[in-house]
Amino acid sequence: MADPILEGRGLTKRFGGLIAVDGVDIAIERGEICGLIGPNGAGKSTLFGLISGVMRPTAGTVTFNGRSITGRSAHDICVAGVAVTHQIVRPFRDMSVVDNVMVGAFFGHRPRPRGRGGARAAAMEELEVCGLADRAESPARSLTLGGHKRLEIARALATRPEVLLLDEVLAGLNPTETDRTLDLVRTVRERGTTIVMVEHNLRAVRGVCSRIVVLVEGRKIVEGDPDTVLTDERVVSAYLGTAAHA
Amino acid sequence: MARNGAFAAIAIAALVAVPFVAPHAEYALDVLFLIFLYGAMATAWNLVGGFAGQVSFGHAAFLGIGAYATAIMTQNGISLWISVPVSALLAGAYSLVIGIPAFRLRGPYFSIATIGIGEATRLIARNWSSLTGGVSGLTLSSAPPLLLQYFAALALLVAAVGLAAWIRASRFGYALAAVRQDTDAAETLGVATTVAKTQALFLSACILGVAGSVYALHYLFVSPDSVFGFSTSIALVIMPIIGGLGTVTGPLIGAVIYTFIREQLAATLANVDLLAFGVLLIAIVVFEPRGILGIADRIRRMRKPPAVTVPDG
Amino acid sequence: MRHSFLALAAAAVACSVVAAATPVATHADNGPTEVVVGAVLPLTGEESTVGTYYKAAYELATKEINDHGGVELRTYGRKIPVKLIIYDDKTDAATSRNLYERLAVQDHVDAMLGGYSTDLVQAQTVVPNQHQIPYVGGGGAASAIYKRGFKTIFSLLASIENLAYTECDFIEEMQAQKKLPKPLRMAVVFENTPHGQDFAKGLAQRAKAKPQSFQIVMNEAFDLHGKDFTPLLQKVKATNANAFMADAHLDDYITMQRQYTQAGMHHAYITYGARGPDKKGRDALGKSADYIVAASWWNQAIPNAAVKAFDDKWAKAYPKLNTEWYSALPYETARTLYIALTETGSVDKAKLVETLRHIDIRDTVLPGGHIKFPADGQIEAPFVVTENLPDGKTVIVYPHAEKTGEAVLPVPGS
Amino acid sequence: MSYGLALIYGVLKIINLANAGFLMLGAYVTWWLFTAYHVDPLLAPLVIIPVFFLIGVGLERTLVRRVLGSEPIISLLLLFGVWLVLQNLAYVIWTGDTRSIENSFIESTVKLGGLQLSIPRLYVFAMGVLSLIALQLFLTRTYLGRAIRATAQDRDAARLVGVDVDRVMGIAFGIGIALAGFGGSLLSLLFSFTPDFGRVLSLKSFCIVVLGGLDSIVGVAFGSVALAIAEAFGVRYMPASMQDLISFVVLVVVLVALPKGIVGTLRSLRRG
Amino acid sequence: MLEVNALAVAYGDVQVLWDVTLRVERGEIVTLLGANGAGKTTLLRAVSRTVPVRGGTIVLGGERIERAPSARVVELGIAHVPEGRRLWPDMSVEDNLLLGSYPRRARSDVRGSLDYVFGLFPRVAERRAQIAGTLSGGEQQMVAIARGLMSKPSLLMLDEPSLGLAPIIVAELFETIRRINDAGTTVLLVEQNVRQALEIATRGYVVETGRVVSSGTRAELLASDEIKKAYLGL
């Protein structure tokens, strides 16, 4: 890969005796949608945490646009241009939908929007993209799960990220909502935002990702295009297990 | 928004007019003065405890520093034009000294630490006799005229509430609201949460510093147990919670109720005040955490037909 | 939100207008219909015990006046009844001050009676000074209060420095009788309040003036309402003191003396300032309170007829309250004010202050026998020294005029 | 006392500011039983422990449970309100007079070697140690005790083995309150008290609990020894009027620097 | 012995299970298969009554339990060994086990239960005094299963027992599960190691986004494509 927009090298995270992420090298190409998959406990969310600054790596570096962002605070990294959504939605429950998104617009967005009006305009733009414009004034807590997931995305988009990390945005959604969210992901990519998504729904990953990285027990075992990766025996046995007496 | 502004303007005009309409109502002015002072103090606490959701039980420290700074400077003949802003800044500086370590703690841990900080500050003031006059405190010789005190407190209140109203609608207010509701989510949206909390604490401390100046000039006597006392910190917590945590007018309503119960009822009925506050606090926390404003909101919604009912949970 | 703001503004304006409409009491030419006297006392909270006594004493003195038709004010040519207003400050300094303000600006009192306990008195006295209202107190002994140049403030409570001096005089007498060692090596511990600081100051001055009689081997403050004095007492134990000179509030006195006994400490002389003969302390401490020497503003055992008469009067009015120094002092305080009012002959505040400044009352139950205020307003009455003896007995051992028994010193077993 | 705090925190994950109130109440009930009914203060705990336990369970059922799900600060404020109510009820009922208990036992001392020791102090110390041992035995040797610890460590897992977690939380709160009352009753043998009695002591308890680690009973014993030493040592070098400052400063410093307490920090170092 | 009919479960407004129906017969090992997030864990939690049920019924040995408190379910003979072990980390292994026999029914024969689980897991016997949090992952899993068995269950529900364990240990573990089943305990197994799970299972259900999409005997499932579809989205 010639010029990765985001690159992690030798990323390692230990919690006490447990190694959650173990020396992972990962490079994300500008403009791609990259799927990050692996069975439960593979370390995918931890890897996201290390990249987005929510956790500090025990070892390894993260570079973004050629500059190191290793160990910087989450808000710094967000302002630099890497946004993240949460696996379990975390709306600001007492705020309206548009106010939620305005937080992203106010703080993650460079240059700073002009005042409240500017932030609101920016927020409305993202709500439009995410199909939530008609719910802008509703309290955030009144949304359905699908709505909450899209709110997470709108909020992250309002920070005008170059890279968007989506952590299981499809989990818990019904098929209609899933399709709607996948369309949204494609739209965002078309706007020029690079996307990395942690996902369990492999059918969806297959449909939307141009490349897949597979993590098993904290290590990267394979990466490549979806069809190759998903038929790789190592991946299959990671998912289906190996027969004991095969 | 505009209507809010208009109402505020009418209210301010009315309050400015009171001394001229009723020049002999010294006692009413005195009560209003206290309401203004408490209102400003509660509003200041609310910036941190309500807006940013960091409940502090040690806010009396800032009032005390402001009061002492003003008392000491006034005794040394320094003009109020200098001593009041310096008092505010000293209180603000102290807030940075304690805020930076304390904000490493979250939620209840922060609250417990503030109890310790507040009490430690009081004990230091008691023992640092050369500066604070120790437990005997300091006496000032002459008070500014009541009218001046009245307007100073009114100005402070208007400034504090104005600041709160402005913050609430501003970028900074969004940061604080985000911090209150989900600090981690705020962080990942680019909010420098520790900085925001520290800024809120600084502003809060500065307002309390000025309130301390007004206090010192009104009471003409400052002692560690009066200005740094735990009961002052408790009052600062109670008023905004009664009125409505994290709102602009809530602390003000709380201050009115507090002043009436404390200064009026309690002078003749023994010990009912803190008991009443305790019961109010329990009731509010359990049944309506949004305080009086929340109750008012409920009543209003009960009276009006439910326009938009929001599906919840 | 809008509605509440409106409601708030309306309420504020309404309340001030209502208050403004309250008629200001005006004096017709033939004088007021009543003389308004106000006091703010700690009826609840930490100091409520003494506060309750003060209220009882003020009410007793006022009732006596009113039973005779009121105070005789010659300017108006008649007796005018006294209206006594008492508020509760809950032992809170700011509240105390606010309520005196209320007495001044809302109740338009003609004169004020004082509150109790030093810090409250310190905070509240700025009000009478500001409004130039005569204030006669009997409850704030710290000399700092009266060193502020407040011209309308008078107090019947002699300073704690005086208390220390009286005790030193007594000790010297005992030394002369070889009942106490000379020099007396004093371990001084005092509560960190103006009260305690005055006590320590008084002792220090005597030790400086008469080093052959008094030496201070330890001098340390402790925090009010402490719970564990063991570390402090260990420090005292480590000194070679032969006298334990403490000054404490009732609760600290009880706790400290209990821990003192439990630690098996002994000194030839032991005092807690004014604490000792009071019933609550003796009930709480039992035998541990024996032989404690105290210097008090007053004691019911003072052997004279006036004291006996007061004691009877008090016991009749308040059978449930023992006669304590804090019965007599506030009673005399109120009486002083009423005498001064009669002498002034009107409710003119400036004139009343002038009367108080020169007053000289001879028929008082206070030790020394008369009430007179020096320039700073704080009386210089002598103290009576008492010693607790076994079986709940208390004797006055000093001065000679009031003496009821002989001191048992040094403390047996020391 | 401090154990109660640790227990309540451990099981319910709430910080009990009302502890101060129940500590004070324990002292007052002891005094009241003594003066009104001539009940020996040493026997008062026999009444206090069960009654306070029931009060605790009732409080948990009626109030605390309602706010368990919400932010931790809400429960903190709730219990703060309970404290205000208790303290001021005590002012109304018993006034602010200083109370103390006096009988021959309280005056008694014993000579051991060259040292004169106060019997009530020894008694309180012994009861403190005994209650710690009893609590520890209860928590480690009985099904209910184990269930309490299990609930503290992992509520859901406790549910899965059939523990009635709601009931256990009520019981834990009750025990915490009973211990506070017991502590107050013991301390009434040593100190005089007013309705404000619990405040400083309770802050010291927090300090102890924070020192020891918020949910560790053994840590609490450790913390109380550490604080006692710090105070005794500190007073040698600074005025006694600053004695309480030590615990406040220790409280803040430990909270900020070692949020898991000393025992917790050691434990995680060992695991790490 | 266990019948689940038209079960619906939601967390707040997030519906996780729609109309799930399944049966477990006495003596079987039934396995639930499906990708992460399909709702398998939620199904177990619904049965052990640690998540509220919105609709449908759960019947255990003739008794309706979909509204029963969790303690009642344990009393009736269901042991749920949760995902991630969920031991009490600061308690000893022995205390963990003893608490497993918390239900009254099990308390009469704690000794016998201990002997039984120590026999199954000799390693646990060696570690009985150790603090649970300091055990290795495999040992913790053994303790978790042993704790479940301490309640003398008739139905043992295991949620992802092989998660994070080395292959050798996994093989050993499955062998033990088979032995537990042989001793008369019915097993409901959620397992991502599909191949291994099917090796010991009598029957299985495939769950996808909260619905049962297929079911059958081991042979039927091994032969079908449903599993690959469910897991790999092929």
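Order of writing sets the labels: A, B, C, D and E. Residues in every chain begin at 1.
Keep in mind that, in the parts below, contacts are C-beta pairs under 8 Å (C-beta built on N, C-alpha and C of every residue); 3 or more make two chains touch, one makes a residue touch a chain.
For clarity, every value in this text was computed on a predicted model and none was experimentally measured.
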{"item": "Co-neighbours of chain E and chain B - touch as defined", "value": "A, D"}
{"item": "Selected pair, greater C-beta contact count between C-D and D-E", "value": "C-D"}
{"item": "Chain at maximum distance from chain D, centres defined as averaged CA atoms", "value": "A"}
{"item": "Identity of the chain that, by mean CA position, is farthest from chain B", "value": "E"}
{"item": "Computed distance of Cα centres, chain D from chain B, in Å", "value": "32"}
{"item": "Distance between chain centroids, defined by C-alpha means - chain A, chain C (Å)", "value": "73"}
{"item": "Inter-centroid spacing, chain C versus chain B (mean Cα positions, whole Å)", "value": "35"}
{"item": "Touching two or more other chains - residue numbers and ranges from chain A", "value": "none"}
{"item": "Sites on chain B at which at least two other chains make contact", "value": "123, 126-127, 270-271, 311, 313"}
{"item": "Touching two or more other chains - residue numbers and ranges from chain D", "value": "91, 239, 241-242, 244, 271"}
{"item": "Residue ranges of chain A in contact with chain B within the complex", "value": "52-54, 73-76, 78-79, 83-84, 86, 90-95, 99, 102-104, 106-109, 112, 115-116, 119, 138-139, 141-142, 155-156, 158-159"}
{"item": "Residues of chain A defined as touching chain E within the complex", "value": "39-41, 144-145, 168, 171-172, 174-175, 200-206, 217, 230-231, 235-237, 239-246"}
{"item": "Touch list for chain C against partner chain B, complex", "value": "1-6, 8-9, 11-13, 15-22, 24, 43-45, 87-90, 92-95, 97-99, 101-102, 105-106, 119, 122-123, 126, 130, 142, 144, 148-149, 192-194, 197, 221, 223-224"}
{"item": "Complex interface listing, chain D residues touching chain C", "value": "91, 95-98, 100-104, 106-107, 109, 111, 116-118, 120-121, 187, 190-194, 196, 200-201, 231-232, 235-236, 239-244"}
{"item": "List of chain E residues in touch with chain D within their complex", "value": "48, 50, 69-71, 73-75, 79-82, 86-91, 95, 98-100, 102-103, 107, 133-134, 147-148, 150-151"}
